[in-house]
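Okay, got some structures for you below.
Two complexes follow with chain A in common, the first pairing it with chain B and the second with chain C.
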Partner chain A sequence: MEHIDFSLVDWSRAQFALTAIYHWLFVPLTLGLSFIVAFMETIYVRTGNPEWKRITKFWMTLFGINFAIGVATGIILEFEFGTNWSNYSWFVGDIFGAPLAIEGILAFFLESTFIAVMFFGWNKVSKKFHLLSTWLVAFGSNLSALWILVANSWMQYPAGMKFNLDTARNEMVNFWEVLFSPVAINKFLHTISSGYVLASIFVMGVSAWFLLKNREHLFAKRSMIVASVFGLVATAFIILTGDGSARVVAKYQPMKFAAMENLFTGQQNAPLAVIGLLQTNKSEPGPNKQDFKIKIEIPNMLSYMAFLDPNAYVPGIQDLVNGNSEHNLPSYQERSQKGKLAITALAEYRIAKNAGNDSLANASLTTFQENYAHFGYGYYANRDVNELIPNVKATFYSFRIMVFLGLHFLALFIVVLILTLKNTIDKKKVILYTALWSIPLAYIASELGWVLAELGRQPWVIQDILPTIAAVSQVSASSVQVTFVLFAVIFTALLIAEIKIMTTQIKKGPGGHE
Partner chain B sequence: MITILKKIWQFYYQGFRGMTVGKNLWILIIIKLFIFFVILKLLFFPNFLKTNFKTDKERSDYVLEQLTK
Partner chain C sequence: MFETFSYIALQQYWWMIVSLLGAILVFLMFVQGGQTLIYTLGKTEDERSLLVNLLGRKWEFTFTTLVTFGGAFFASFPLFYSTSFGGAYWVWMLILIAFVVQAVSYEYRRKPNNFLGQRTYEVLLFINGLLGTVLIGTAVATFFTGSGFSVDKMNITKLTGDKMPIISEWTGPAHGLEAALNLQNLALGLTVFFLSRVLALLYFMNRLNHAVMMERIKKQLLYNAIPFVVFFLTFAIWLILSSGFAVNPDTKEVFMEPYKYLHNLLAMPVVAILFLLGVVFVLLGIIRPLTCFEKCSTKGIWITGLGTILTVFSLFLIAGFNNTAYYPSITHLQSSLTIENSSSSKYTLVAMSYVSLFVPFVLAYIWYAWRSIDNRKIDIEEVNSESHSY
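After this line comes the complex of A and B, so read on.
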């Protein structure tokens, strides 16, 4: 890896980030609103009250709009894999194939059957069958997300696979290890619950708008009760799964953990900086050394968060880069030497195989297998190891803003629920405006979760195994720039279309549904 | 069997005919799929390895060379 076109790597990354960010604008509302609609319809079926049917149909229409605009936006990511990330696609092919195929089949059957019953089946199928279809759409769309998140989790924590030196592909040897890896479980639960919170905020915010406009009081208040209760439960779940995610990151991606906490030097009884303002330290070597200009800490909290032990040692950025013999941490220099051994062994294996030299091939295979865990570090053997540190400022701030917004949503759910039950919510203009303006905040929080997860693992496409510099295709950077602009235009047009259709439908109110 | 198929056909037919907001959404979905699969996929996103190499052996050799150079 002597000739790296960094412009190509950066544009390919930027394009993927842009597509993923846009795709994620549509997904979380689908995940959460499908369940909210299912709860509303359940109340309708149980009570027989036509007002609940009206409420259900309104939110179902908004679900349909979001679903229709968002459908297939994720397929662009697969196009990019094949064109811009061909080394990576080949390298992971068999691992990604199974989860993505299951996702495709599930999505097809879900979309063609139960969504059709949901929208066309009112008064044509029995109430119970219609309700069952609504629940199946909710479970199906969440299950569909599972497979995508399993694939992403494998990139954060590659498990259940074996690298085939003859084909240059990782092959799945244990499907259950891939599916039930601790990273996959936490990521799936944390991600879907973030969708539930976003959808709850959306329903609450739109309902608040109706109250501010002095329209549809009964509809708005009932919607708010469902949204705030669902939002509260989802927030409790998100705190629980976020806690689990933090421990998994600390264990399997310690550099990401150290970066998101700006922990430069490892320590026992590590405190958690609840609030912090970072300032780049230009006197220290390395591009990412950040000093705290201001910070408010909770003593021992970081150690507890990472290892459930307030006295535990948490490695810092410096310990991971330079190594720490006391805590049995190899330096990145050592790991890059081992990685280089694995890369050289792979090249020698190939030559030996072609020459029919089985003993050399076997010796190379052994060396490769012994060092494969460090394979990706080999690309940094002659480079600055500081390139292996992610962007500290971006991960530090994105984590904190996400958490603070999450706490804001929690408080809002509690306040709105109490005020709605007291039947005084329509008089509380400040709360109603806060609920309305929390809709964009929920999207920001949700996107920041991904910023943290994906920027925090840089430069790895597959943790410790494949960095971005080795994963890109040898295409021209200018062609990636052209498609970047194309995507920006297309996705922005889609977003404008969604907002326009959605706001038009909202303005019509529950009387204007199909 | 034919009755069931007829019922399913009627279900979808009437559903699509009765749409209001859905009609605009379907137009949008069709335009979007056309842009994605016909324009973007064919003109801008050829599969790099499938386009440049004929067999899986050639593809794996190329990737191995890329990974080890």
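After this line comes the complex of A and C, so read on.
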């Protein structure tokens, strides 16, 4: 039997990807729409104008429909760490479990308690308490995002921990380093602002539809103003944090950075391929060159983007795999041998400890500590190190499409805001159609952000420390296939239901709301 | 403050928090029990909608408690998360699926153009009520009956050979489903199922303003209380008479000890008192509305609810305290999990303990928010007058 059951690893990955992709169809709208609804209700409470109450209630209904399915897909993700990644759960559970528990205690209860007041409290509690509840729902859902994104960032940049040889796992030594790691801060801000942009596009697109149908002019324009202002602010934020994200990726995940830029050979003054088309006929794996068919470059830009220095050296895929002595980069082959030393030292340490041989245990401990930074590479000591290269095409294109769509949204927010303020938006059919058709584009951009982040770090569950092949649960691949199909069927059915219900409610319009 | 605690004290503190969350979860599963009674109690569309709306305003608390229970268990005893979830794969997957379909069913049930139809969503609610309670009860029973697995942390150093570098391995091919074939496990599963229905009936009594349904509720209370008591006694008597998975405090060796769980009760009189008080409260809350004639108390949900929390809490303590393995392995006894060998590091437990100080604050705002929207009994007029209903 082959040492690694790749079918099991691949299906476990596929199942997690499926759940995450579905979950992320609903979360960004929740993150952003909760704030948009809170802004609208604030205007209602301050002005006392019932039209704003009607507007608030309409968007709140859509929020509720979307929220339920987000919750449904979310629970699976939490438990899948255990069901499908049991080794991972022990190996880093000491650090990773904490944010999940804190998320439950601090954020989920806040959300679920006040969502009940938000939906059922209109006639039972004071206006101000109701408004507070709406804000707390927004705050709670964004707070939950903080904790899960801290957890995800920690996988990309494991900080604040130390490996304990006696328990054979990583243990937390500094909570604040986990919480405030540069990767965590950037990822949190970038991800929640992407949610705000998506929700703004959603509100703007739906409002555009009403104008195209010549319905609910006042409602639509007011919604558009709130959405375009919020969207504009969020986009500024997303550019800022996106820039920060690129820098932390370049620093902590150089292979992901090289892959997303299709940078084969490292160089100083590296240019950025703003637009690029990769050769389609190249399919062999390995660090072989993936040529550009077409590209438009900005000189020095990649070096600047990565290190704020146009002259900086950016390592390419080849340098990382084969090593580059000039820039002090060890090859993957060396790293895998060092990783193997660490893994073997761990086994020897335990044997020595059990036998009461302290001097051998101490020697093994030293070897282990010297080589721990390469631990995960050890699992590739007898394998082809080219398996450590992520999918270049997928990451390269995801990154570019995401950025271009982001710029498109920025332009759209500005145009819609100006036209709405000038009160001529209802006549600009092209802009209205663009706004409407930007709704699916916002979902694509948002999902592609995760494709980039997650495919780009393959095969690492924990960067450099634990690859997917050593993180899975010992179940049969066929069991995972069955649950994959079950989830795919259930999620798809629920998604269809959600879209049908949502579009029906939109068509009904805000008229029914008092 | 928590830094001064010993490691074992922190492990015990977190076992108590996990136990309390588990206990509150079982109480809140009255929502699941209620979902299996919608057609039994509601004979008209309006009646059924009234019941669904009553439950719909609480489902998220049960759901959130389940998620938090999972998160807290993961953070404090990660080896359990790793061993049980990855091993008893199918039981947990079925529980998860049962909860996935619940979350949307309330919101989508009566919305126009909902793709699957109202009846489907009601069936999904029923499935959640049945599978959720029976399987969670069955899974918890394995804390006393054991499962077949082995844990060897050194497996992660296996770079070659015919085994993957995975630390825990489940013995049976059924991956957890075998637990449902064990009668003792099933007895607890069915106890939880009937208890959740009893709690739901008491909740309806407390919140409903509907004379006709009240009669049906009273009748159903008796019908569900009897099997609940029978299954509970079966499980409890068996537990007291059975051998348990004891741990030698010096060598940490796990061994079978006759009457272990009875010994635990006797060794921890506070837990024994909590357990007995819990059982008395559970029964008291059920008996009072059954034996009254005209003006009946509707506070049974609080009495039986408190009893449920105390009983389940003390059951968890019996499973984990007093040198007992709480997640035993029947095929590889020394792989059994104890609160000592499966917990997080001291640092993490300390950090998490500070977070646990927020719990009273969370409970306070939940109580305040509930009171503000649940201040009077509900009838169908109220449900229909709300802009948001299920």
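Just so we're on the same page, the second predicted complex is superposed on the first by the 496 of 514 C-alpha atoms of A that agree within 3 Å, B and C clash if a C-alpha of one lies under 4 Å from a C-alpha of the other, contacts with A are read in each partner's own complex, and residues count from 1 in each chain.
In the analysis below, a residue touches a chain if its C-beta (ideal position, glycine included) is under 8 Å from a C-beta of that chain, and two chains touch if they have at least 3 such contacts.
Computed from a predicted structure; not experimentally measured.
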Overlay on chain A: chain C relative to chain B, clash or fit: clash
First, second, both or neither for A:Leu100, with chain B first and chain C second: second
First, second, both or neither for A:Phe129, with chain B first and chain C second: second
Which of chain B and chain C A:Ile76 touches, first, second, both or neither: both
Touching partner for A:Thr61 - first (chain B), second (chain C), both, neither: both
Which superposed partner A:Phe120 touches (first chain B, second chain C, both, neither): both
First, second, both or neither for A:Ala411, with chain B first and chain C second: neither
Partner chain in contact with A:Val274 - chain B first, chain C second, else both or neither: neither
Comparison of chain B and chain C by chain A residues contacted: C
First, second, both or neither for A:Ile343, with chain B first and chain C second: both
Single chain C stretch clashing with chain B - from 148-156, 220-228 or 292-300: 148-156
Overlap of chain C and chain B interfaces on chain A (superposed complexes): 1, 61, 64-65, 68-69, 71-72, 75-76, 79, 82-84, 86-87, 89-91, 116, 119-121, 124, 167-169, 343-344, 346-347, 350, 470, 473-475, 479, 483, 486, 490, 494, 497, 501, 505, 513-514
Touching residues (chain side chain C, partner chain A) in the complex: 57, 60-61, 63-64, 66-72, 74-76, 78-79, 81-87, 89-90, 92-93, 96-97, 99-104, 106-108, 111-116, 153-154, 156-170, 173, 175, 344-345, 347-348, 351-352, 355-356, 358-359, 362, 365-366, 369-370, 372-373, 375, 385-388
Chain B-facing residues of chain A, complex: 1-2, 61, 64-65, 68-69, 71-72, 75-76, 79-80, 82-84, 86-87, 89-91, 116, 119-121, 124, 166-169, 343-344, 346-347, 350, 470, 473-475, 479, 482-483, 486, 490, 494, 497, 501, 505, 513-514
For the chain B and chain A complex, residues of the former touching the latter: 11-12, 14-16, 18-22, 24-26, 28-29, 32-33, 35-36, 40-41, 44-50, 56, 59-60, 63-64, 66-69
List of chain A residues in touch with chain C within their complex: 1, 3-5, 8, 57, 60-61, 64-65, 67-69, 71-76, 78-79, 81-91, 93-98, 100-106, 108-117, 119-125, 129, 133, 164, 167-169, 171-173, 175, 340, 343-344, 346-347, 350, 378-379, 381-382, 469-470, 472-476, 479, 483, 486-487, 490, 493-494, 496-498, 500-501, 503-505, 508, 513-514
